[in-house]
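Next, two complexes with chain A in common: one pairs it with chain B, the other with chain C.
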Partner chain A sequence: MYNNALNLLAILILISSFRLVANKRQNGYITTFRLQSLLLALISLIISVKSMVETKKFDEVIIIFVLIVVFKVIVIPMALRKTSDKVEYKVEKDFFINIPISMLLCCGLVVLCWYVVHHVEGITNPTTENYLVYSLSVVMIGLFFMISRKKALGQIIGFLVIENGLFLAAMMTTDGMPMIVELGLFFDLLTAFLIMGIFVFKINSTFDSIDVNKLKHLKG
Partner chain B sequence: MFFILLISPLFTGVIRKIKSKIQHKIGASVFQPYYDLIKLLKKDLVVSNTSSWIYNVAPYVYFITSLAAAMCLPVVYQLRGFSLYTDLLVIVYFFVAGRIFMALAGLDTGSTFGGMGSSRELLISALVEPALFLIIITVGANPEIASTSVFSIYDYVVENSSNTFSTINILLFAAMLMVMIAESSRIPVDDPSTHLELTMVHEAMTLEYSGRHLAFIEMGTYIKQLVFMTFMANILIPLGLNAESLIVGLGIYLLKIVVITILVGVIEINTVKFRLFSLPNYAVIALIIAVLGFLTRFVLR
Partner chain C sequence: MIPALIVIPILAGGLVWISKNKLFIHTINLIGAAGLLIISILSLIDINNNKVITSSGLFKNLFYMDSLSGYILFITALAFFLVSLYSISYFGQELKEKVITISKLKLYYSLSNAFVLSMILALTTRNMGVMWISIEATTLASAFLVGFYNNKRAIEAAWKYLIICSVGIAFALLGIILLFYSSTVKLGGARISGLDWSYLIKYAVSLDPSILKIAFIFILIGFGTKIGFSPMHTWLPDAHSQAPSPVSALLSGVLLNTAMYGVIRVMSIVNKCLGNSNYTGNLLILLGVLSIGTAALFILVQQDYKRILAYSSIEHMGIIALGLGVCTPISIFAALYHTFNHAMTKLMLFLATGNVYLKHHTKKISSIHGLIKTMPVTGVVFVLGTFAITGMPPFGVFMSEFNTVVGTLFSKKYLVTALLLIFLSMVFAGFTKQLGKMFYGRNVNPEIKQGELDIIGPAVLIVLLCITVLAGIYIPTPFKELMDNTTNIILGIGG
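Our next item is the complex of A and B:
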């Protein structure tokens, strides 16, 4: 029962990262990121409920659930929406590689992850291997998303998706990391997000656009 | 088969009802498609003078091929009927046959919209076909089935219906949902309710039809949609397919179909009609998800 739900949610996270790559508009990126974070929050909720039912003790993962919902589902997407509303919106082609080819490349990345994880020694449980493949694929797709978009906002989303993939890997393989590690990750994420938000405004005010290609003109 | 014939308009009604409920409207009754069909059957035919026999034959061919496809896929395990030795690929070819006749009929009268609709419809079908075939092959590629015959797949699925939410099933379900939306001309691909020349695909082909012919075309589309939903409900989510009694089995089946219908309604509300040139992107997502399912079949044991 629990394992079915976890499996379903993990695959949905993978599919949502594909949806992210297939998106063309910045609002679509933000919505997909919000959806993905919601799925991640559900996974942490299920893990914590499972361990609370089994051991009849309070589990810290539920705090992670609350944190994910507050930060990744509500605060960060809202701030991103605000940022994308403030910077001047121009309908430009946002990607270097067109969508069908980038989808094919992402599929190749998933296959690569399978290959790599299959050769890691010490994974005995096939479900763990499966989860590890999905979370690694989400990380790789996030990286690919970062390098395939021109605008700074898309790159921030790529970073956040990498973070989601790492969280997924940590939660699925260890049933919840120690609280202090997760808190550290969260503060790291928030700081990085704040700095990048400031960068977007700076790039926008200097170049009248958030296209990072224009940073090439910055030569001394 | 007659069961599918009877209940298929109902689910189009359900989708419309869900859409209007989400938009805080009251919406037409769930049985509205039946009333429309009855009204259309009573009306006179208007046939263009320049049309050939294809124009008159096409609606019946479309209807009968859809019905034949419905015949191939049993609704409940106990109600297999003559579906014993059919193949899943046959269903696809039945649909293709009907679609070819509709496309020819769209060209036949020589109206400007007809040809446009035919070319668009064939483009969409060509785009989603790889994903559809890959899904069917993946279902059959299980080493314990090793065939795409409906009979052996059903037997396997009924025996192993506890393993419902396996990775492969979920991936295939997601891909099939996208294929189903494209094939039954629902919103992100084709808008079934407008007659705006930029958006219509299926409607452009059937624009010349009236009366009885139109009723048969509509009915064919409803059946087609329900056949795809049946495929998803029975083979990709085999939960409760091994129910002992017929009534319980039918109840579970209807419940699953309603869940899929709600999913389609929610998707329709949350998306807009794509540009025609964005459709390759849509099709490639379905294809990639199906490819992942296909590859997972050989990785996971």
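Our next item is the complex of A and C:
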């Protein structure tokens, strides 16, 4: 029951990253990111509640649950929406590779991740192997999303999705990293997001657009 | 000891905001930097006596220093002190020309203190997770420093730097998660110490080799992006050339070493686990040779003197990786010594370009002539620095490069030796061909007056010149002992 629920949620996270790649509009990216973060939050809730029921002690993962809900589900998507309203939001064609081919490439990435993880002999537990495949695939799809979009905002969302994949890996394979590391990760993520947001405004005001394709002055 | 290292940059970075007086701001930062330098030397003495420094109380599991961290920390503190001294001259001049305002100066000092703080944290922590966080924090603290001038090019460079380094380093986190997974599976659920590298090295033999192998690849790619290994180096020339010169000096001389430190820590764990295998060594040699080659090719065609220096940093990181990869006592000694020599020589060159830029307001090589005549001290230091960085005797870089070559020869890697020698001569040719035009001839621009801009800038350059020359002819005994200890730690002997 417990494992089934976690497995289902992890698969849903993977599917949500496919949905991200299938999106055409910026507002769609933000909704998908919010959905994915919600799924991630559910996973952390299940893990922490189970551990609390079993050991009858306070489990630190619940703090991560609260942080994910507050920041990734509420604050960051709201800030992203505000940013996307303020900077140029008309997107004619935001991607370099069209969507059907992107989807096929992402499927290829999942197969590749499965292949790599399957060939690591030390991972003997099949559940862990599955979880690693899911989380590694989310990271790879996030990376692919970043390089296939032109707008700076798309790159930020790609970065956030990569971070989601990393959180998934940390939570599912090891039941959570030490608390100080998790908190540090969160703080880092938030700062990175803030700084990237400021730079989006700077790019927008200096280049009159957030098309990173225009950033071509430095070469060689 | 360690708490002071953490508190000083926070204090210095905060106190600069309480006054508008230019002199006060410079002094506060300089005092902070000097304090860091003194404490890092004290902790080196402590390490020489007691082998390790640990902290007690609340942060018992967080801080830990041995010779390796102490050594890199010393380089960081020394470089930061010299750069702080130089900043007085550089930003003083920019204030005079109204390129920046007083509040921008305060921002610079706060951010550079935050930048140094994040590097100190990375070097003094024993927890790999916290190390990762601090190395990521270095990117965040320095992104605004790279985009300091807020023009198109600076913003482009900062955006590239931010995105490529953040994403690259995410892979290192994946590697660290795998490392943690391996330790929880094989060593039992020790949550607190599972990420502790001193603990992992101790029990490395019982970790799982195949997981460690893939973890090392992820970590090498991740931290390698930050180090600037080719082909993940693309952010480096842009960031180093667009940042203000003192920042470029810090980025190139110190930041790259800190990321390399992360790789070294993981390398010694994996090496111990895999026993006699050349797995990590071969990967490092491959990336090292690739980086040296890429840098050598690109140096030949640059038109911007700061970009040449940036590519040269890629080359030198490649040489250090090569030394680490060969993994014999002599090559590791060479790699460590090269870390110091590269930091000091590159600091000297980047600070010299700062003087040149302040005077000429251009980074193009073709529009500068007769540097030796117009700026006697900077010009001469620049010329000598060019020879130093390309590995001419009697400078320090020659010593360490020579040792690297000997190291590869002794371990019978003749192909690597041959490639290394070819690339090094290409770099030498590139440097002299490109930069040579700037030094000689007559100054044709009538607006450029003869003479240096002030005293502090050239004085720092001369101090650095003395250090690099001294490093080439004489190694003090305590310093030698320190490096021997560090070599032993990396090789896993008696550590």
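Structural remarks
Methods note: the second predicted complex is superposed on the first by the 216 of 220 C-alpha atoms of A that agree within 3 Å, B and C clash if a C-alpha of one lies under 4 Å from a C-alpha of the other, contacts with A are read in each partner's own complex, and residues count from 1 in each chain.
To be clear about the criterion, a contact is a pair of C-beta atoms (placed from the backbone, for glycine too) under 8 Å apart; a residue touches a chain by one contact, two chains touch by 3 or more.
All values reported here derive from a predicted model rather than from experimental measurement.
On the superposed chain A, the positions of chain B and chain C stay apart, so the two partners fit side by side. Once the two complexes are laid over each other on the shared chain, residue contacts for A:Ile123 go to chain C alone; chain B is not touched.
When the two complexes are overlaid on their common chain A, residue A:Trp114 makes contact with chain B while staying clear of chain C. When the two complexes are overlaid on their common chain A, residue A:Ala192 makes contact with chain C while staying clear of chain B. Taking chain A as the reference chain, the count of touched residues is higher for C when chain B and chain C are set side by side.
Once the two structures are overlaid on chain A, chain A sits at the apex of an angle of 160° toward chain B and chain C, using CA centres and rounding to a multiple of 10. Shared-chain residue A:Cys106: touches chain B; no touch with chain C. Once the two complexes are laid over each other on the shared chain, residue contacts for A:Thr174 go to chain C alone; chain B is not touched. Judged by the touch definition given at the top, the superposed model places A:Val49 against neither chain B nor chain C.
Here's the short version: in the overlay, chain B gets within 20 Å of chain C at its closest Cα pair.
Comparing the two interfaces of chain A, the one with chain B and the one with chain C have no residue in common. Considering their complex, residues 62, 127, 129-130, 133, 136-137, 139-140, 143-144, 147, 150-153, 155-160, 162-163, 166-167, 170-171, 173-174, 177-178, 180-182, 184-185, 191-192, 194-195, 208-214, 237-238, 241-242, 298, 301-302, 307 of chain C touch chain A.
Residue ranges on chain A touching chain B, taken from their complex, read 4-5, 7-8, 11-12, 14-15, 18-19, 22, 99-100, 103-104, 106-107, 110-111, 114, 118, 126, 130.
Of all the residues in chain A, the ones that touch chain C in their complex are 116, 120-123, 128, 136, 139, 143, 146, 152, 155, 159, 162-163, 166, 169-170, 173-174, 177-178, 180-181, 184-185, 187-188, 191-192, 195-196, 199, 202-203, 206-207, 212, 215-218, 220.
Those residues of chain B that touch chain A in the complex are listed here as 164-167, 170-171, 174, 280-281, 284-285, 288-289, 291-292, 295, 299-301.
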